Structure formats: C-alpha cells, structure tokens
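Think of it as A, B, C, D, E and F in the order they're written, each chain with its own count starting at 1.
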Amino acid sequence: MCLAIPALVTELLPDQMAKISLDGVKKTISVALVDDVAPGDYVIVHVGHALARIDAEEAEKTLALLAEAGALATLEPEGRA
Amino acid sequence: MCLAIPALVTELLPDQMAKISLDGVKKTISVALVDDVAPGDYVIVHVGHALARIDAEEAEKTLALLAEAGALATLEPEGRA
Amino acid sequence: MKYVDEYRDGDLAAKIAAAIAAEVRPDRTYSFMEFCGGHTHAISRYGLEDLLPANVRMIHGPGCPVCVLPVGRIDDAVRLARRPGVTLLTYGDMMRVPGSKGTSLLKAKAAGADIRMVYSTLDALRIAEAEPDREVVFFAIGFETTTPPTAVALKLAAEKRLPNLSFFVNHVLTPVAMRAILTAPPVPGERPVAIEGFVGPAHVSTIIGLEPYREFAERHRKPVVVAGFEPLDVMQAVLMLVRQVNEQRAEVENQYIRAVTPAGNVAAQSLVDRFFELRESFEWRGLGSVPASALKLRDEWAALDAEKRFSVETIRADDNPACECGAILRGQKRPAECKLFGTVCTPETPMGACMVSSEGACAAHWTYGRFREHDSLRRAS
Amino acid sequence: MKYVDEYRDGDLAAKIAAAIAAEVRPDRTYSFMEFCGGHTHAISRYGLEDLLPANVRMIHGPGCPVCVLPVGRIDDAVRLARRPGVTLLTYGDMMRVPGSKGTSLLKAKAAGADIRMVYSTLDALRIAEAEPDREVVFFAIGFETTTPPTAVALKLAAEKRLPNLSFFVNHVLTPVAMRAILTAPPVPGERPVAIEGFVGPAHVSTIIGLEPYREFAERHRKPVVVAGFEPLDVMQAVLMLVRQVNEQRAEVENQYIRAVTPAGNVAAQSLVDRFFELRESFEWRGLGSVPASALKLRDEWAALDAEKRFSVETIRADDNPACECGAILRGQKRPAECKLFGTVCTPETPMGACMVSSEGACAAHWTYGRFREHDSLRRAS
Amino acid sequence: MTVRSPIKAYRRKLDLANGRVDLGHGSGGRAMADLVSGIFREAFANPFLDQGNDQAAFPTPRGGRMVMTTDGYVVSPLFFPGGDIGSLAVHGTVNDIAMSGARPLHLSASYIVEEGFPLADLKRIADSMGRAARAAGVTIVTGDTKVVERGKADGLFISTAGIGELPDGLDLSGDRAEPGDVVVLSGSIGDHGVAIMSSRENLEFETAILSDSAALNGLVEAMVAAAGPHLKLMRDPTRGGLAATLNELAHQSGVGFRIEEAAIPVKPEVAAACELLGLDPLNVANEGKLVAVVSPAGADALLAAMRAHPLGAEAAAIGTVVADDQQFVQMTTGFGGGRIVDWLSGEQLPRIC
Amino acid sequence: MTVRSPIKAYRRKLDLANGRVDLGHGSGGRAMADLVSGIFREAFANPFLDQGNDQAAFPTPRGGRMVMTTDGYVVSPLFFPGGDIGSLAVHGTVNDIAMSGARPLHLSASYIVEEGFPLADLKRIADSMGRAARAAGVTIVTGDTKVVERGKADGLFISTAGIGELPDGLDLSGDRAEPGDVVVLSGSIGDHGVAIMSSRENLEFETAILSDSAALNGLVEAMVAAAGPHLKLMRDPTRGGLAATLNELAHQSGVGFRIEEAAIPVKPEVAAACELLGLDPLNVANEGKLVAVVSPAGADALLAAMRAHPLGAEAAAIGTVVADDQQFVQMTTGFGGGRIVDWLSGEQLPRIC
C-alpha cells in the first residue's frame, strides 16, 4: 500500500508548499508534515504530501550493506549448503 | 405577430386544460382564458393557450361573403374600369 | 385544417383579386398599413403583392413584438441570463435578436448562460417546480395576444407560491402604437405619411375586441378592417378597405367575425387587468419612446417581477444610425431603400428592428420578396 | 530516479539472491508475511518469487487499505455520493471496488452520482472552495501513511471554516491488524498459521517509527524487519529475516534506515492525534471485526465528520462465502487454492478483498504471477 | 423609389478572434456554409472537398472511381417514431453515397458513448444499425467505441463514413443543373423533422407521423437505369430541408429554380404540426427523400421509374431550373403569388410570432 | 497445494438488462473487448469486421484490395504538448491503415462541436488537421459538422475514417504471429499518455514530454520494403498501451509472448511520471509507435530499416512469440524475475496504493 516516491525538493513555496522534481517531472506538494525541508532535500511523496526526508548517509549505508551481502555471495558461490 | 391556429377540442382535462387536435396532431393546452369550452369546439391556440372560440356560423358567413365577392368579379370580368 | 385551408384557396384568391382589381380606381393609389406581422407574413409568404393591383400598396407596420423590443431590453435579458443561478426562459423567436455589441440570447447561451426555449408560459411553471435551485425568469414578450397567457402563468405562480419564478415583462399595446404612427410629427425631408387605412390585428382583436380602434376611424378618419391572418382574410380586408376609401367611409369593420367579437375576450381582459398596469412610457425599436404603450406588473405582484427582484436598470442603446426602420414602419420608406438592406443587414445579421423576425418588414421582404427588385431590374434592362 | 533505481539493480539482485540461497537451510522452510501491499506489489511486479529460494515462502498480508475496507463502508460511500447535492471525492483506487449487489463508485458515477477522483487531500479544499453550492465529502481511506495528509486537510478546512466540506473517515491501523493475524484463533480444519517473521511496512513506518512493532518481537517472538518498497529492499529484508530465524533471534530491525527513524514522524503523529481517536472496533474485509483497529474524528471535529453530518449508518454486507480471503490473509491458503480465483473472481469482477486492488494477494497473483501455475502444470505434464 | 443593382448579400467574415460556435452553425443554413468555407475548406484544401457535394468522388488506383462520405449523427431523442440513431446513421450515409449514383459498399461506425448509457439501448441501436445495413446491402466493416464522462456527451453520438463504387460514365454533381432542367422530388417533405420534434419532451405534441428515414440506393439504381445521361444530379434534403438543398444547388450550379408549392407533397399532419410550431415544411429535415435534376427529355422516364419504386411512389416534378444570376429559388405559392424560398437563418426554432 | 487445470478466466456476460456503459468500457481493456464482442460483432455480423484488426481489408470491384478504418477522438485537453485533437485524428487513422501495410489515401472528418466552442480553436484544430494530412500524404476528401447544445459534448469530438490501398501479396494480420517470431517495437513507450496526463488540470504535474503523435505510414513503407514476406503483422499500441496490444495479438493469434523489460525503451521522465501516478508505462497510450511481428529470418533487416527511419530510430527487438495455450504475455523484469503483462482492468486511474 501507500504508493510513495522519493523526489528532490527544488523550491519552497508559501503556505508550506514546495516544488519537487522527479527526473524532470515537476510537481507542487505540501511539506506541512516534515519540519525544516530545504531545497536539495529528497522527501518521500505520498498523495501530494511529503512524509519523510531521505537520509543520504543511511541510504549509502544500505547500499554498502547490500554490496557487502552481494560480495559475500559472490565469494562463496555455493553458499553454506 | 401572434402565431395562432384554430384547432378542435377533443377532450377536457382537469385544471382547465384540454386536448386539441389539428389534423391529427394532438396537443394539451390551457383553456383557462375561454369560458365554457366543450369538446367539438374549435379554439384559437396561441403559446399553448386557447384565446377564443371559433364561431362556426360567422365562419360560414365570411366564406359566403368571399364567394359572393369572387362571383361578382367573375360576372364582371373587366371590372368597373 | 378546418378554418384554415378554406382561407388559403388559390382559385378563390384569383377571383377576389379580380374583384379588387375591378373596384380600385385606376387614377389613384391606395396605401394601407397592415399593423401586424402576421399580416405581413401572410402577404409575403403567399405572394399577395402579385395578386393585388399595382396601385394598392401595403405598408408593413410594427406589429411584431420581437421586432420592436429595444436593444436595451434585450441587453437586460442577456444580463439576467448571465447571472449565476438564473435560468432564462424565452420563446424561440427572441433567441437571435441582436442586443448591443453584437450580443444575443443565442450567443449568451453559447457562452454559457442557461437560456432555454419554451413553447408555452406553462413551461415556466413546470421548470420552476422541477428545479427549485434555479432562479427561473420568464422573458415575457408580446402584444395583447400573448399577455393573457402570461397572466395565466402569473396566476398559477401566485397560487403555487413558487419562490424561484419571476417574470421579465415586456408586453406592449397595439392601439397605442397605431396612434403613435398616425400622430408622429413629420420628419423634415421625408415624404409625409400616407396611410389611408389599417388592416387591423387578428389575434390581438380576439382579446381586445373592436372598440379600441374606433378612435382611428372617428378621430383620424382612417378606416380599420380587423382581419384574420389567412391570405384570403387579408384580401377580403383589402377589398373592404378599398370600398371604404372609395365610398369615403372611415369605419371599424370586422372581417374576422369567426373569432373576433366586438367586446373581445372579457375574461382575458380582466385577468390581464388584475396583474398588469400601464407603464408611463416604453421604448419601441423604430418608434422611439411611446407614452403608455406597454404594461408592467402591478406593485402588489412585485415578488413575481424580475425587474424588481434583480434590480433591472435598462441602459439605452441605439440602433445603427443608418437603419431606416422608423421611416419604414411609418410607411415612408420601403426596405430596399435602406442602404444596409441585404448588404450588411440580413436575417443572419440584422441591424434593425424590421430585419429581426421573419415578420418584420425588411426580413419578410428579404426572405420572401426580394426577387421582385431583381425582376423589375431585369425587365428594365 | 535517485534513491529508486539503485534499489532495482538486477545484477545486485542476483547476488543477493545467491546470498539468501547461501544462508537458508535446505532442511526447512521459511514463511514470512509481508504485511504491506506495497511489498506484495514489488514481489509480484519484479518477479521476486523467481529469485527467492523455493523454501522461502512469502505470505501476502492485508496491508492494502483499499482491499480491507468492508463492503458496508463502500455501500456507505455510494449512498453518500448518491445524495442530491453531494460531491464525493475519492482516490482512484477506490473507484472499482465492489460494494454489495454489484455496485461500485464507478457504477454509481455512471448512473449519475457526482464522484470525482482526486490525487491529493488538498484537492478537497480546492474543490470545496470553488463550488460552495456542493456538499463536498472526502472519502478518506488509508493506513498511517495516508492519515497525516488527511489531517493536514482537516486542519486547513478548520482554519478556513469551509461549511461544505466533510470527511468520511476510514483510516485503519497497521500494528493492530498484525496483532489480529497473529492472535486469530485457529480455524477448525485449517492448517495452523505459520508466520515466522514479518517484512514490516515501509511508509507506514516513516510515520509511526519502530516502537509499535516491538510487541511482535518481544511478546510473540516474531522477527520484524521494516523494509523499503523497492525490490532490493525486500530481498535484503528477507535476508535479514532468514538470519534472525537461523540465529533464533526475534528483533525489530530496520532495513529502511534511509527514511524510517525509530521515533517516526512526530509532527505527523501529533497532528493525527489532534484530529483522530480510536474507534471501538472496525470491520476488516478478510479479518472480520477488529477492536481498536481504526480511527474516527474526535467529537470536537463533528462538524467535519461526514458520518455525523449525513447520519451514516453502516449496514453490514457479507462477502461471497466461497471467498478464501480470510485464510489467505492469515497465510493459510494461497490465491490459486480459492475455487473462485480466476474463474468468477478476477480484477474485472473481484469477489473479495484480495482481488480488489492490484496490491491484494489474489490480484497480484492474477495480474503478475498466474503463469506460474501454468508453467508448473506444463512441467508436470 | 431608388432601385439599386441586384443585391448580393454581404457575407460577414467569421469572427475568428472572438467568435464562438452557436447552434446556428449546425443547422444547415448559411451560417454553416460560412463555417465550412471559412475554416474547413481552406484548412483541408483539396479538389475532392472542393467538389462541394455531400460525398467526394476520386479515382481508385486500379482505375474506376469511388466516393466517400461521412456524417455525424447527434439526433435527440435517440429513438424516434420510425427509426433510431442507428438506422439513421446507416440511411444518411448510404444516401449521401447513393446521391452520386455510386453503389454503396462499406460503412464504418464510430460510437461516442456517454458514461452511464444503458447497455440495453446500446444493443438496440447497434442491432438496428446492423439491420439497416443489411437491408441496404452494405457492410459495417470497421468501428470504434469511445466512452466519455457523464455530462460530456448526449447519450450517444455515431459518426458513420461510407464508401461506394461509381459506375463508369456517370457524372452526377451539384454543379450540373442547367436552365430548362426539371426538378423532381421523390415524395412528401418534413416527415423526419416533425417525427423528431414530436418526440422531444419540451415540445409536447403527438402525431402518428413516422420519420421517412430510409436507404435510397435502390431507388437511385432504378433512376439511373431509367434516365441514364439525362440525370444531372441528386441530393437528399436533410438538415435545412428542401429549401436548403435547392439553395445549395442553385449556388453550386449558378442557376435559379422556379418551383410550384402545389406540386410539393406535404402530409396533412406534417402541415398541421408546422402550423402549430410556426415552421415552414420547406425547412424541415427529411431522411428518405431526394431531389433530382433531369434534362426535360429524361423527366418522364425518370418519374415513371421513381413512381414504380416504393420509396418514390409520390415522386413529382416540382419545378424547373432557370437562369438567374441571383440564384434565387422562387416559388409560386399554392395561393397564386410568388415568393422566394430562402435558406433558414440560423437554427430552426418554434416561433410564437 | 491443489493445482487445477489451466485457468481460463470466466467472462461474465454483459448485463444487457440493467448494465450501463462505464469508463472502463472505453479504456481498451477486457471490458471493451467484451462490449465489442457482446454488442457490435453480433449486430454488424460480417467477415470483414470479424478480421478483428484495427482496419478491415476487402476486395475492390476492380480487383485489388483496400482497407477502411475509423476512430473517434475525444482527447482532453484538445491541445496537448506535441499535438492536438486535429493532428491526432489524422495520425491515429493513418496509422490504423498503415498497420495493414496499406498506403493511406483519403480521410473523412466528422466534427461534433459543442455550442460555445471558440472559432479560433476550431480553426487552429482544422489547420493542424490539414497540415497533418498533407504531411502524411493523405487528403481529407469529405467532412461533416454538427453542433450540439452546451453541456452535451466536451468542446469537440472528431471521428475520422480512412481508406487505403493494399499492395498485392501483402497479408498482415493480427492472427499471424507464430512461435519463434520476433517482436519488434519502434521506440519508447508512454509518451503520449504522459503528455496528455501532464496537461490535465486535476493531475497537476509538469514535464517536458511531448506526445509521440505521428503518422507511421512512411516507416511502414520502409519496413514492408525491407522485410517483405517475413513481416507478419503490425499494430499501434494506442489505448491500453503495449500491454493491451500484445494481449490482443496473443488472443488473436492464439500464442503467447515472452518479452524483456530491459529491452523496452521508456524515457526517464515517462518512467518518473508513471511512478508518481502509480501507473505502468506498459499500460500507457502511444500515438506514434508500432509493434511488429516478424519471422526470425527477417528480423535484422527489419530492425535495420526501422532504425534508418526517424520514427524508428530507437526500434528494438523486445521479445519472441511462444506457444502458449493460455496466451500469456510474460515478461522478464529488469530485476530478473518473471511476471505477466496483463490487460489493464478497467480505466487507467492514478493510484495511491
């Protein structure tokens, strides 16, 4: 459920609104639910509202963990079994 | 002005309304403006209302006068001139 | 159609034509005004000009309520229709009548106003009841013929206490307009008016009877023959007028005895009287402002009066100054003598009152009769 | 798309698949429920079943607010929409969801009700302001993700004092439903529930954080891994769940650290708290009546509550008795085991909750996965 | 009285900056002709369109000629005495093909349906359309259906296109009327329009009149066989009625017409309905009638062939083509006088005056 | 787990007694197919219609074959990035002709206009339509205009029909796909649908995406020349997108497809807009793309010819035809798993879930 997608905030607008961009697709959304949003942030957009900010460092961490797990599998191609 | 046409009253309806027929074309009109309309009467219909009853005898008289004038002309084809 | 077809008999017409031809004096012309558009229509539609002697000239009067309604009132109707929440009901005839700045109800409708055509005043009640959320305004126009049906609707609206129905009243009076034409001061440089008699209204007279025409016979010495709208009615009326002129009589005669009684429809008259009273004056296209020439709702029916409910304030707007309608309606000019006739002024884009409805003098000539200029030209060349 | 494409990398997926394959014990099966339709969608849309080892089985949970809304509430919405003067606003997902007697919002719209699709809660404010004559009702559905946007609209509606806007609230709660699944009494004759861990909600958790899942780990000894909705997120979560199971841990872990913090979105939580309170109980399609599983407007906001404004009284209506949604949502059956699956029950004509939205277990299997039955049959034949 | 040179009505240019389409533009009168010439003729510029007929004739790659035509059907109500939008959509298009003398072959049907439209009505209409096509000997070979939101259409619109095969040597076209030719009408006028109006709610009158909606290709075949090269042109007087069709033809051929009102068949009920509404039967639409222009030498044979066909039983010579640089359609009225028969100005509206 | 015999979805009969047309019936999915087969196929019953293609081929009286097609255009808004209803009405119909391999010749245009429509817009659209026709080498030979009352249409609808000449020996039809054949797509998908959605008021997003609306007859000519008899069929994936077209073809030919998601070009902005709206680009409409099925021996030549044409520069082989009595369209996802590509159920609606 809850279709939502990370998008780049490009511009803050009055009334807690903001312009976002998703690969060139631009849209105006509400940022009333997330404090201190700033241009350059990525936010998760759901039904026209930002729900959360993406933490770039944590995203890196996830990717690193994924890479590590993948690398492990590559090192031990037969697995543990 | 004042497009109106004589039509036959075929049926009285409640609320001072009546059915009329004009050579098979049937319509419901108001007869509120003409007293004592009865089926068989011809009335003059204007914007959905009967305005007057046709007097059959007077109509005959008119036709008789027309016929007379026409006959006169036929009798004296050269006219008075 | 009984009481219709008998009066459209072409064979009889030829005989009556012969009778008229026999009675007219070749040494003079006869100029009669048919006041009503209904007669104008019959004359044009059936080609009566071809049946009447060349020295009998029919002057087409202003008897078309669509034609005479001034631009300002059309503008009022358009403004009413454009109000949010208002549904304007109108007879189809009014749709294409131009207001000022090229507007019309048809164009206002195209641009989004809720304007609907109705066939009967009773449609107004039906619509107002069916759509209580709409402010329904009935655009009431017409001569004495059409006023009683409006009065019936007013009576029912009052009985049913419909809060959302009102009437924009533009009912006008025939005898007053006839008098205005007869008493108009001569316009400098124009031929004097030469009306020698009137073909009197058919259906108006079913309501008002014969009495109101007596002043024209007695005071103005103009014969009046009230006549039906069928072509033989008109021809017979012309014959009766020719005879009055020849005999130097000036009487009110009734050709339309099958429908018109001397007293008229008294019930209708009193219903009209209950709801309406005279306006001080009213503007007529082609005639200008005419005192006591139209009706308005009595004060006690203010709740039903769209003019009051919506504070209508008519803004005067002028017709094209080149339009000759006034002179045409007074019998001083013919349509083809107007510079605009058939060039910029046609029924698609009427410039003046007489081109608006197919019963106007210019429109009837354009629609039915303009081949005659052409024929006469060809004969001349 | 940054933060999207990285998590859809097919090459990396193959490696993670190998890692999972390497870590699962061949001598046992692993049954995990992904609660959310978002995960169900990712699994089906990207064909994750083909990448996971055969002994890892994903049970599709009820985490789709469209799917779980009971027939009676759809009927309520249809009845609201059919009221004269009412304009019902809904997310597109709800349009085709069947109510009782074959009705749906789409069909009610076709039959004349004023039903409009909106994309954002803010559209409701815009429409209510633009059309003051309409009674605008926003059909608010969704889990904790969608509730805060509704709360923003409520806040603005209250500030602007829009007299013609109200909310038909159907917001439901994720952890309560998870608990209901875990604590459901065994149905006689059915296999016992075999959920060994949860892939926890992605966007719900951005709002509520991690705390609410602790009871499942601590009291029920079920590992929970909150995960993003991209396919690599799901695979990583599966790997993390496999490891917890293998290590006999039962913890709440967070795979979706880029968006979910332990405390969640506190501002959103308090805004939700300002407007909503718990319902005593609420009916879920497939799960039945679940205590304290949904929200309603607090009494002080009664003016904004469509249930109160229009005296909505939900009439219970039952799903097709042959529908196996309950068992499927509890992990006891698979879609293809339902007799109606793919015959009378398809996404065009859904019979039960799981076929309604493309995120329902049955719909996802029909739309994306049903070739697998066919393939296995073919292989068998 | 000053008489000026023959009057050519000044044609006001379309107000392309601020003008709007109104109902008059769709009524088959001068406003529509202005719209077509002011917008479409220029935009689509090609000699086939410029033929100005209700169908276009063009050579086919293998030799021979075909015709193509299209019409949109927006009739309201969809079901009316004597037909429905489905049968009408076949008849109208078959007739436009047949008027060129071509044999109608195939039709296409594009349905634009309003959300909420009853499937039962859709089926009834499609069935009627199929029946009408089979009866006319044409096939509906291709179709399309679009659904638009409630309030964005009026139940159902059908646009039909059709193609036909033109026999060699036949050259019927609206520009071929010459002074001296005879004008023939296939039967009584006004039936369709009156049937439609009688079934409109807001007019509220009842008649036994049925629409004359019918496929005329059979009649046309008989006419072509009987009159051969004497036959100059045919046209079906649909929107705008006989008046519009004769004016169109006068304009296209650069001639005038003189017709006799007494020769034009009008059913008494149609005449009566027109009286009630203040309309002229000459302006009322037909959907199963045709006007033909034939050289005098072929007139008798043509009339005999028409009268032998059920759809031409009442066929009548109603007038002649005359030289007239004003392109007037003049009529001797049943009453004996003369008048012009003009296009209707704008939409045909019931009148009170 | 019980596995039953292969599942054939039960097709519920149209509820002809009480059913109503809803938006789903117009969306190019199964509901529409049911409507066509439940109402029109039976009503119009003829072998040409039964060909089941977007155009019908028929023999012409002089020998040779022609095709005819029609489509109604109800696009909203009327002007959109990359085109308007006028150019679209030409492209759509030209393409339906071209998909049979026929050379488009002539079009007809039926305009249904809502009262109040600005003349300026009408002119702009007609001009655009004329330009598009000239560019595609076809003539709009005949037309019709109807005006309906305000509130009874959505500004303007255009129904276009078209005819084309079919070269001898060419036999392209939706029933000709055979296992082993290669599926080719001419370029990126979803552009038209996204351009339209981006210009709809209530969705409110902005993109630089233009509709791909274009006439494909030039591309088709090059394809026919290059692949000759190896070319089996072509179809333009319009309403319902690539998914609907492949399912239609699978059904018509009685085969399955296996396609590769990674091989299907999708512009990043189109992908992004679809993510935002919860849509799948496979379901989104195109108006300047085609799918072709070609036997393996002709695939390379076909692709080379397509890539040499500006409208086929991104042409790609996206999969193959497989034997499958279930007629599934299966896809290997970019992620490596498998899935079905099904018709969309009902109308394509932006989702939140």
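Following the convention adopted for this analysis, a contact is a pair of C-beta atoms (placed from the backbone, for glycine too) under 8 Å apart; a residue touches a chain by one contact, two chains touch by 3 or more.
In UniProt terms, the chains line up like this: A, B = Hydrogenase maturation factor HypC; C, D = Hydrogenase maturation factor; E, F = Hydrogenase maturation carbamoyl dehydratase HypE.
Predicted model only: the values in this text are computed from it and were never measured.
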Graph separation of subunit C (Hydrogenase maturation factor) and subunit D (Hydrogenase maturation factor) (steps between touching chains): 2
Touching both subunit C (Hydrogenase maturation factor) and subunit E (chains): B, F
Maximum centroid distance from subunit D (Hydrogenase maturation factor), chain identifier (CA atoms): B
Centroid comparison with subunit A (C-alpha atoms), farthest chain: B
By number of C-beta contact pairs, the top two chains: E-F
Where subunit A and subunit B are represented by their mean Cα positions, the distance between them in whole Å: 85
Euclidean distance of C-alpha centroids - subunit A vs subunit D (Hydrogenase maturation factor), Å: 21
Whole-Å separation of chain centres (CA-atom averages), subunit A against subunit C (Hydrogenase maturation factor): 76
Subunit B: positions in contact with at least two other chains: 1-3, 5, 22-23, 46-47
Where subunit C (Hydrogenase maturation factor) touches two or more other chains, by residue: 1, 4, 17, 37-38, 64-66, 91, 109-111, 119, 123, 142, 146, 359
Where subunit F touches two or more other chains at once, by residue number: 20-23, 115-116, 204, 268, 271-272, 275, 351-353
In contact (per the touch rule at the top): chain pairs: A-D, A-F, B-C, B-E, C-E, C-F, D-E, D-F, E-F
Subunit A residues within the subunit D (Hydrogenase maturation factor) interface of the complex: 1-6, 8, 22-23, 29-30, 32-35, 42, 44, 46-49, 51-56, 58-59, 61-63, 65-67, 69-74, 76-81
Footprint of subunit F on subunit A - complex, ascending: 1-3, 5, 7, 22-28, 45-47
Subunit F residues within the subunit D (Hydrogenase maturation factor) interface of the complex: 1-7, 9-10, 12, 20-24, 29-31, 202-204, 262, 268, 271-272, 275, 277, 324, 326, 328, 330, 332-340, 342, 345-347, 349-353
Residues on subunit E engaged by subunit F in the complex (per definition of touch): 14-27, 32, 35-36, 39-40, 42-46, 48-49, 54-56, 58, 60-64, 66, 68-74, 105-106, 108-120, 122-123, 126-127, 129-130, 133, 139-149, 151-154, 157, 159, 161, 163, 165
Residue ranges of subunit F touching subunit A (in the complex, touch as defined): 198, 204-208, 268-269, 271-273, 275-276, 278, 351-353
